[in-house]
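Letters A, B, C and D name the chains as they come in the text, with residue numbers starting at 1 for each one.
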Amino acid sequence: MTGAGPLGRRITPAGRQRGRDVMAAWHRLTDGDTVAVGPADGTTNGNGHDSGPGPVGRRPMSLAPWSVDGGGREDGRELLSVENLSIHFGGVQALRDVRLRVRTGEVTGVIGPNGAGKSTLFNCLSGLLQPDAGTVTFDGAPLRGAPSVRARRGLGRTFQTPRLFRSLSVLDNLLFGCETADWSGHRYVFDPRLGRLPQIERAERIAALVGFRGDLSVPAGSLPFGDLRTVELARALCGAPSLLMLDEPASGLDADQAQSFVGLMRELGDMGLAVLLIEHDMALVMGLCKRITVLDFGQVIAEGTPEDVQRNETVVHAYLGRSAARA
Amino acid sequence: MSITDVTTDVERAVQGAIRTAASSVASSATTPALTRRARLSRLVGGVVLAALLATLPFTMHWAGPAFAVDYGLIVAMAVLSISVLGWIGEISLAPVAQMGFGVVAVNVCQVHHIPFGFTLPIVALSSLPISLLLAAFTLRLKGVSFAIATLAFAYMAHKTFFLEYLGTYGAFGGTGTTQVARPSFVRTDESMYYLELAVLIAVALVCYAINRSRVGARFTALRESEMAFSTLGHPPAAYRFFAICLSGAIATVAGALFVYLQLQVPSNLLLPAQAILFFGYAVAGGLGSVTGALAAGAVFGAIPKYLETLTKSEFLNYDLFVIGLVVFVVMMKAPGGLAEIGRRVWRRVEGSPA
Amino acid sequence: MSKLLQTVIIGTVTGSLYSLLALGMVLVYRTTGVLNIAHGGIGVMAGFVAWDLVQLRHWPYYAGLLVGVSFAVLVGLAFERFVVRRLPNAGSRTVATLGLFLLAQGVVFVVPWWSNNSAQVFPSPFTGRVVSIPGADFAVSYDQIVLVGTVVLLFLGLQFLLRRTRLGMAMRAVSDDPAASRLMGVREELVAPVVWAMAFGIAGLSVMLIAPINLLENTSIVAFTLKALAVTFVGGLVSLPLTVLGATVLALLEAFTQIYAADIRGLPSAWPFILMVAVLVIRLIRPTKALDEQALAAA
Amino acid sequence: MLEVRGLTAGYGPVVVLRGIDLTVGTGEIVAMIGPNGAGKTTTLNAVAGMLPRGGDVLLDGEPLASAAEQVVRRGVALVPQGRKVFPRMSVEENLFMGAYPRGGTWRDFDRRAEPIFSIFPRLAERRAQIAGSLSGGEQQMLVIGRALLSEPKVVMIDELSLGLAPLMVETLLDTIVRFNRELGTACLLVEQAATAALEIAGSAYLLRRGEVVYHGPASRLRQDVDVLHGAYFGTATGTAAAAGRR
């Protein structure tokens, strides 16, 4: 018995239904369209900690907490700006003077050959690596500090190889994401069920949103590979990020899954979420991204719309080699 | 009546409703799964265990004095403090040294005439500086390196401090006191057993609660992927510090009880190598398991003492050999230790599919 | 002057003692990634086998020595074959060596005629013979000279093995990159038994060389092993020269504080810890970023 | 000489290769190209015995063992992806390990290494340097040199150009041509940056989703740019990229 509070296993369908009944009762009692749910608002709503278990905020429940920010969508606001980011490992300059802009409501692509420094860029942004130089501004303020601090500021990410908590249930994994944004349940730390009912509802809805159809109560380690990516994406979304960084999210997905992934990304973009995407599948990147940054040898060799990038000789050179460019 | 009052009333009503729902959520999960046989065996098992725990010093009187089982409980606590670090996947070999600081803390309390009621909480708090020092190591050291660092610390504590302060015979250097006095209500070893049991149960309940809470799940997550853990907004260092402080507090309290039991603790009972033995117990119990640690600690702690009496001191130090074998068997056959074996057996008793 | 010389000599001898134990552990860690906690324990067990034959059964010294070392080698082979190979990773193997440590300690107590709990005298043929240092009022025993000589030989031998022989190169390759070394035709399952047998043999030999100077006794040898562990940490658990350097530095510090600062009680014993903290601080100040990236990739 | 028939492989339950057929003739340079995740690396690893495999792999008509140690002794060497040097060993020691399967000792090392040092003069300059501190291109040279020291009949090189500067890639391709000509070693070259590899290769295979979708002379594939762009950018954008050539 190591550590796990296997929540997913302790809640049966019957129990869950009863939980839903109570939620419904709460709906009736308060007002038709407010919900007793804090998670969506936890980051933005200061009074998240001073009322009862349910009625944390009085905002409309939304699947997309990022759209709560200011109440409406404000597409095209510059959310993340990276200036002159550099890092080296030993004698290898992994990133050199990288410049990058990410706007809300848009999917921004980062492409480049293997080893170009794309994942290193993500690791620098999420605080796992300390860059040698450069400034990163996020949401109007410098982005600094430990990975956990950055995550709480709304920086969600996935990894090239999915890093789920393998012995925890899928639901527990998602609840972890929920906790990034919302600590209102921390008073129920010794009675996990009570404080978590709203979060569980939220996790279920987000699992459905990303198209996870499996059982939420199985250990995450037992999932097939394609589902690992989906669940990791859901977990990141549960954290209500304002910027979502996805590291090769479509690799290992089959055509159908990739298709629904594109649909999901469009939907999230419409909600006002900013997405930064590393991907090798060019068709997908070209179709999805508003702007693309091309990295090669740790340097930005091109930046612009998909059309610009495809026409760029340097890019064709970097991807296909010299003769394609020459031909 | 203002608007806010109405809201609070509604809130209270709904709070009540949610509580009810939550409790039914909990009960509905377990009730239908249990067969009659399982319920019966749980009841019988619980009663037998409670009865055994309540009378252990007396029921075991044929085998030896109550001191043996008292010692077993202290070992159980020390092993628990090692096992708890299994939550964050680290190995510490410092708990025996921390026990030593508990011994010293009790003596200091006694010199300053602090009543017994305050002593244990003070001892628990006094473990913090050393725990924080050890925890600072985990900022940079993980795994084997951390284990070596704790071992070096234990070695230093023994050689530079316990040897001086406790000496070969357990006298307290410079204080004029040669031994600790037990509080009046635990004059006998039998009554000491109940004091220990009470403390142990309290500590175990705290551990269970933490393990089952969201913090427990976070420990698991931290162990499985620190990168995912930190990029989801949780500070890994905080959880490491918490686990190490908890472990330190348990070990230090165990040390305090140890000196109450022994009255004198000579420094050679606090050898760093002793921690390796306790770690062996923790492995046998199943690292990270509270029940396993308690069971393994109590059994492996008490049995050699009983055997010592039964065989008229012919049996000495055989426990090293035995526990060595047990560690092998556990590593190869049941990496989860006694806890895993216990669960397997229990499933069979209950008659539910494994 | 004589006092200084004496301090340096004591430091050198003790340093060799730590090096001797540490080198064996570094060999195992460097080539398998397992921290062999059982090192000292195995040595004591083998030492007792030899002591049994020589002191109780009056075998010739060298025959006893040979049997003792062979015994340790056999234990090493058996341990690799039946335990190490069946465990999944370096972590669980390290825990298994811990079990072996307890077992080895236990064996010494279990055999009744090896006497309970007391230290044994285990003289070598050289015991009692000394070389007096000209111009100084003390002497160095042959046993001490043999000890220092063995460490030098062992160090050179291991360096030669790991740098110049096919076997040693294969060992290093396996530890650097097991997959790539398979591509080079190295069979890990043939390399690992050699490592374990060799390490356990060295452990047995070490204790038999230490025993005439100290006593053949569990507690002190285990204490030496603990210090040796701290020393291996200085060399990052892999570097042979740094390990020897660390051992010598530690022993010299201990000797100097013992002789020149005897009034600061406890300081000599604190050195292993202080040394470790110092190494840690150096690593904190100058973290190697390349290693961080490797850790990230491996995590 | 090296014949692969109906090769299947995967990782656990995930099937990556669905029956690959492949031939490398004596002294030939063959390119295998395809987008990420097509199964190129898996093919090489399966042939080299680093992965459990199904189907037949024959060398000179004899079945090739499935254990990596035996494969290299038979004369099929793999240069794995990501420049897997032994980082804590020197250049010389790395090369020594290359000669290991041929029973190489230090005594005759110099004689064995001489042709390799003449192909890669930069390795000779850095004989004593620790391999982990070499630059990326030098590490790539080192792993190729190391593979050649096992005196292989076929050397399989995985992602030669990965993360290397174009100039370095050209140098490396030139050395492949050189050892192919001088030592007669056949080469199976896996590349994502396709056209460079196609320039030196005789024949080529295009992989997609674990299957060979194209096989023919490299020169034809090189000219058939639409096939290439289709495979890389997806068919929809093929014309756009082709337009970019102008």
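Here are a few things to note about the model shown:
One rule holds in what follows: contacts are C-beta pairs under 8 Å (C-beta built on N, C-alpha and C of every residue); 3 or more make two chains touch, one makes a residue touch a chain.
What you are looking at is a predicted structure, and each value in this text was computed from that prediction instead of being measured.
Fewest steps needed to get from subunit B to subunit D, stepping only to touching chains, is 2. Shared contacts of subunit A and subunit C, meaning chains that touch the two of them, come down to B, D. Relative to subunit D, the most remote chain by averaged C-alpha coordinates is B.
Centres computed as Cα averages put subunit B at a distance of 33 Å from subunit C.
Centres computed as Cα averages put subunit C at a distance of 44 Å from subunit D. Rounded to whole angstrom, the centroid-to-centroid distance between subunit A and subunit D, based on C-alpha atoms, equals 37 Å. Chain geometry summary: the mean Cα position of subunit A and that of subunit B are 39 Å apart. Multi-chain contact residues, meaning those touching two or more other chains, occur in subunit C at positions 296. Residue positions 225, 227 of subunit B are each in touch with at least two other chains. Multi-chain contact residues of subunit D (touching two or more other chains) are absent.
Residue ranges of subunit A in contact with subunit B, taken from their complex: 1-5, 7, 9-12, 14-16, 18-19, 21-22, 25-26, 29-30, 36, 51-55, 126-128, 146-152, 155-157, 159, 163-168, 172, 176-177, 179-181, 185-186, 189-194, 197, 235-236, 239.
Those residues of subunit A that touch subunit D in the complex are listed here as 90-92, 113-116, 224-225, 251-252, 280-284, 286-287, 297, 307, 310-313, 316-317, 319-325, 327. Within the complex formed with subunit C, the residues of subunit B that make contact are 137, 140-141, 143-145, 147-149, 151-153, 155-156, 158-161, 163-164, 225-227, 271-273, 276-277, 279-280, 283, 316-328, 331-332, 335.
Within the complex, the subunit C residues that touch subunit D are 163-164, 166, 169-170, 172-173, 176-177, 179-187, 238. Residues 7, 10-15, 17-22, 24-26, 28-30, 32, 86-87, 209, 211-221, 223-225, 227-236, 286-292, 339, 343 of subunit B are the ones touching subunit A in the complex.
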